[in-house]
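Structures given as structure tokens follow.
Both complexes below contain chain A, partnered by chain B and then by chain C.
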Partner chain A sequence: MTSPMTSAAHDEPWEEPLDPTARGVPGDGRRAARWLPRLLPRGTDVPEDLRAHVARYGGPPYRGAAQLLVGDVRAAGLTGRGGAAFPVHRKLAAVLDAARRSRYSRPVVVANGAESEPASEKDATLLWLAPHLVLDGLQLAAEAVGADQAILCVHAHRGGDVGIALRRALAERDGAQIDKVPVELAEAPPRFLAGQETALVNRLGGGPALPTFVPPRVTERGLGNAPTLVQNVETLAHLALIARYGPRWFRAAGTELEPGSMLCTLRRADGVSRITEVPLGTPLCDLLGGRDVEGTVLVGGYHGTWIPAGKAAALTLDSQSLRGAGASPGAGILITLPPTACGLAETARVARYLALESAGQCGPCLNGLPRIAGALDELAGPRPRRRTVEDVQRWAGLVTGRGACHHPDGTARFVRSALIAFAGELGLHERGRCSATSRKWFLPVPADPARTEEDWM
Partner chain B sequence: MSGINSSTVLWYMSRSTGVVSLVLLTAVVLIGLLITQQGRLPGLPRFAVTGLHRNLSLLAVAFVAIHVLAAVADSYVSIPLTATVIPFASGYERFWLGLGAAAADLMAAMIVTSLLRRHLSRRVWRGVHLLAYVSWPVALAHSIGSSTDLQHGWALYLATGCAVVVTAAVVWRLAAAARAVPRAERVTALMSARRRPGSRPGSGRDLTGAGTR
Partner chain C sequence: MSEPTANRLLVNPIECSGHGACAELLPEMITTDEWGYPMVDGRPVPPALERDARRAVSACPVLALRLVPAEVAPEARTGRA
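On to the complex of A and B.
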């Protein structure tokens, strides 16, 4: 991708006042922030400059005291928006705690915009349209943990335009002298695992982007052995708004258990895709375009879950609801597969990609994922053997939970859900037939697998 | 050869524990080499092989300790306690006992770094652990050189056997290292090995039909 997608449409049902009782103070942006989208500026596809950003939200509200922001974030109930939905205040507290114990090194804050999931474009879009919001969040997080180093890491291939926008934004901030901690830009290699926390820290430390076993967690011993806070760029943008408007404002959107909003990458069956910001708990049927949508939906990206559209339409976008269907919101990716595509062939192609993206470190992943991918290739072809489905089920069980990272677990979940969701298609293939009519692949898959160690740098 | 009595018991103890130590250390080295290749012993899961390596090495340390202390305590020859730690500080058999002290020091370094492994980087631990390749041959040289026990009879066969199996295992280890695929190429190698005639999109209503694939 060279330029990110444009922002949300304007006529969405969730774009309404969230909290009619919250009174806005004119000029401080609170009034504007009562509506969604909170993060992305509306009706534009050029980056918001510092002046427009300050006019919309005001300057970064430094607190001067670390614990204040941690308390606010805890009260707001903000969770990581990179996919794992880990409570942000616990990471902040862990880094503060580790920093207190280590006398030698001050903490480092990393804004994770590696966005290595090929189907997601929300981080690139956010960085392109609202760079200053992310940079505010990065500064506030750095202040909260007492960091003396801040790094913003973006995806190397998608970084082209985004990198230029970020450099311009950083120059603007330098001119206005609003940043207390210098920000360094870095690039993550185009590897699926590059955005994984330990892989990112390894790469920033000069090594290949490989995940390592935890413990030690990066919050304890990360970049240069310093306590390291790694947060997704969208998480930092939310954090910047919580620092301004407080936890009560944040909780005006979302559910009681999972407050706030999240950016979503929606890919509809007609090939149209866009980025939108929705409150957690939004009914999936609103996002999929109606209750009577047909086909199969991939929830949560390539480590996610295939769900028949009819079943998905009854769910809402939050962990609690999706857990029942064996899914999670992940990084907010929702893909509707068109009826012209074969779900098995698409899954086999993605499984092959995921297998090639294995770091090749842990035996179960290195040996299991290629086997699973090979078996899926067979299932996607004509007249697969009956026992091949059992093989995939067994191997998926064998690899789960046995890697340094969750790559085998996510791949196994994705593949298993396909066997259930595309059971009908599997029956067709067993009779030597296939329902696909389109000759084009639907799911985006990068073409260049890693061949040498250099490709991981 | 005189029998065992109160004046020779320490001497015999030192010699016998020395032989047992050599056998134990040989086993530790062999299992260690097996672990580097993610190998297994029949009937044991991998973590048990690692556990065996660790426990056998601690057992070997116990035997080495008895071997050393008995030699020092024995009044037949005079070996100062310092000579057990500082190589080549003994008046008696200066060179051969020196080798023994050096091997013991290297072993101590490996044990300490392994016990503290949690707190060390992998690189430091591994660097020290590689000293096994020095420590074991030095210990073997010490055991052959410092006593006449291993220079003839069944004990000579035992020492020769230990040397042969360890040499063979090291050769096997080096050959495996030469064959190893670099990490970044492992998955691609495996994938191309199991590449099937892949599926294509829109392969039509009839997957087996001619012309549609």
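On to the complex of A and C.
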């Protein structure tokens, strides 16, 4: 059996000690506490089994009652690593609140490993290499909100190898009786929106993986109408370490406002990709391979933002810095487009994919995204009409903020940033030329769009 | 001038099928886009328009339009639904 990663490696440039005063961490864990990577075992492609995991970290440090972990999570300043960076303690508190008010149904906790971004491999890598860290986090989160049911959800198309590894990990935990709450392994369909919180809950409840309208929030009324905590798998792995080493340890990496580290998927212009764990606030030039890197960088995946590499090199990997460039760290995807590729053609191809991945439930998204994709096709070709750019701008404005989920917003952001970052290329196209020298597509785009309702199940 | 009410208009875009009845009854706060879907002013409904707003809500054939207390829709979906 091989790793689910195709070309990604996870070597680590970050080896300086972060907090030499960190204490109370046994054995191998001491290094894990002071050094990055924190989450991924170093120098191996083999999943860490339960024995090795416990030898390194000890068992999950249960608190003995609900609510007790929330303070540590708040003090640590942990935010969601699935892309939205929502404060984790606020979700925990919302579920606890809802549970107190309803009293009829115990909360449910869902570990979200339905990594939907075609360019992202960090969740699959984490689940493959350190399944027990995620599963510890799932148990601790379940205890923190008083849940009696836990679900780990992964993508069907990635379910093969990862699914087998996770089933083995769950069996190991079963044998050692270290889980307090039974864990069910579930699969989401390979749709771009399947990892969206409400879509995931919809699917787990037996429906299609389509987003639903908020309110109610799933923390209030989610799976089976129970208060539901959905957290990205990387978030849960961080939570498992915060429960062990405390908020001060967590804050030894990252910035004051955005503490901790995050997993990133880096895709370089030469086609090499790797998974790395870096502190929030890391200079992007360190991740891109220097200040003089050429080309254009896509920050945050297909709902993200194109930024010219020269400008990106001056930014750091945190929302505060990236906000100025209209971007956010998202789920840690950084892609450098090679100068041999045409940014407009690549953007048009992804925009078409995003239009096809629309759930088609909301009028503006259903109408706007295919029109945007069609207009981008024209811009990607020779001598587009001038008004086509205005069309894209207008439609991008019309779809933003008008969906039940953020799919139209993210698509509009991605496309608008392309019009700015590739303005020079657009000028070439208007004169019937194109700078591309390679006919090979660079950005990964899944082949099969949804055709029937079955494809959302 | 009177105080604005604490209510806002909220469209469920999944339910909405673009009949456009709301925009006819409350043009002050609802216009339609080029595909016929409503673009709703997300600010609190002024008292003078409260009655028309309620009529627009009850005129929606698919019950997609709601008048909700401001705190239910706090993320300023301003300008748009």
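Methods note: the second predicted complex is superposed on the first by the 439 of 457 C-alpha atoms of A that agree within 3 Å, B and C clash if a C-alpha of one lies under 4 Å from a C-alpha of the other, contacts with A are read in each partner's own complex, and residues count from 1 in each chain.
By definition in this document, a residue touches a chain if its C-beta (ideal position, glycine included) is under 8 Å from a C-beta of that chain, and two chains touch if they have at least 3 such contacts.
Note that this is a predicted model, so its numbers are computed, not measured.
S.K.: When the two structures are laid over each other on chain A, do chain B and chain C clash or fit?
M.R.: clash
S.K.: Determine, under the contact definition given at the top, whether A:Val54 touches first (chain B), second (chain C), both, or neither.
M.R.: In the superposition, A:Val54 contacts neither chain B nor chain C.
S.K.: Regarding the shared-chain residue A:Val445, is it in contact with chain B (first), chain C (second), both, or neither?
M.R.: After superposing on A, A:Val445 lies clear of both chain B and chain C.
S.K.: Identify the partner contact of A:Ala355: answer first if only chain B is touched, second if only chain C is, both if each is, neither if none is.
M.R.: Touch partner of A:Ala355: chain B, not chain C.
S.K.: Touching A:Pro364 in the superposition: chain B (first), chain C (second), both, neither?
M.R.: A:Pro364 sits against chain C, while chain B stays out of touch.
S.K.: Check whether A:Thr400 is in contact with chain B, with chain C, with both or with neither, and answer first, second, both or neither.
M.R.: second
S.K.: Between chain B and chain C, which one contacts more residues of chain A in the superposed model?
M.R.: For chain A, the partner with the higher number of touched residues is B.
S.K.: Contact-wise, after the overlay, does A:Ala314 reach chain B, chain C, both or neither (first, second, both, neither)?
M.R.: neither
S.K.: After the superposition on A, what does A:Ala94 contact: first (chain B), second (chain C), both or neither?
M.R.: neither
S.K.: Under the stated touch criterion, which partner chain does A:Ile178 make contact with: chain B (first), chain C (second), both, or neither?
M.R.: Once the two structures are laid over each other on A, A:Ile178 reaches no partner at all.
S.K.: After superposition on chain A, which segment of chain B among 8-16, 44-52, 80-88 or 98-106 overlaps with chain C?
M.R.: With the two structures superposed, the offending stretch of chain B is 44-52.
S.K.: Can you pull the chain A residues that chain B and chain C both touch?
M.R.: Touching chain B and chain C on chain A: residues 361, 363, 367.
S.K.: Chain B touches which residues of chain A in the complex?
M.R.: Touching chain B from chain A are residues 208, 340-342, 344-346, 348-349, 352, 355-356, 358-361, 363, 366-367, 369-371, 373-374, 377-378, 380-383, 429, 432-442, 449-453, 455-456.
S.K.: Chain A touches which residues of chain C in the complex?
M.R.: Spelled out, the residues of chain C in touch with chain A are 12-18, 33-37, 39, 72, 77, 79-81.
S.K.: Using the touch rule from the top, collect the residues of chain A that touch chain C in their complex.
M.R.: Chain A reaches chain C through residues 211-213, 215, 361-365, 367-368, 398, 400-404.
S.K.: Where on chain B is chain A touching in the complex?
M.R.: So the residues of chain B in touch with chain A come to 38, 182-188, 190-191, 194-208.
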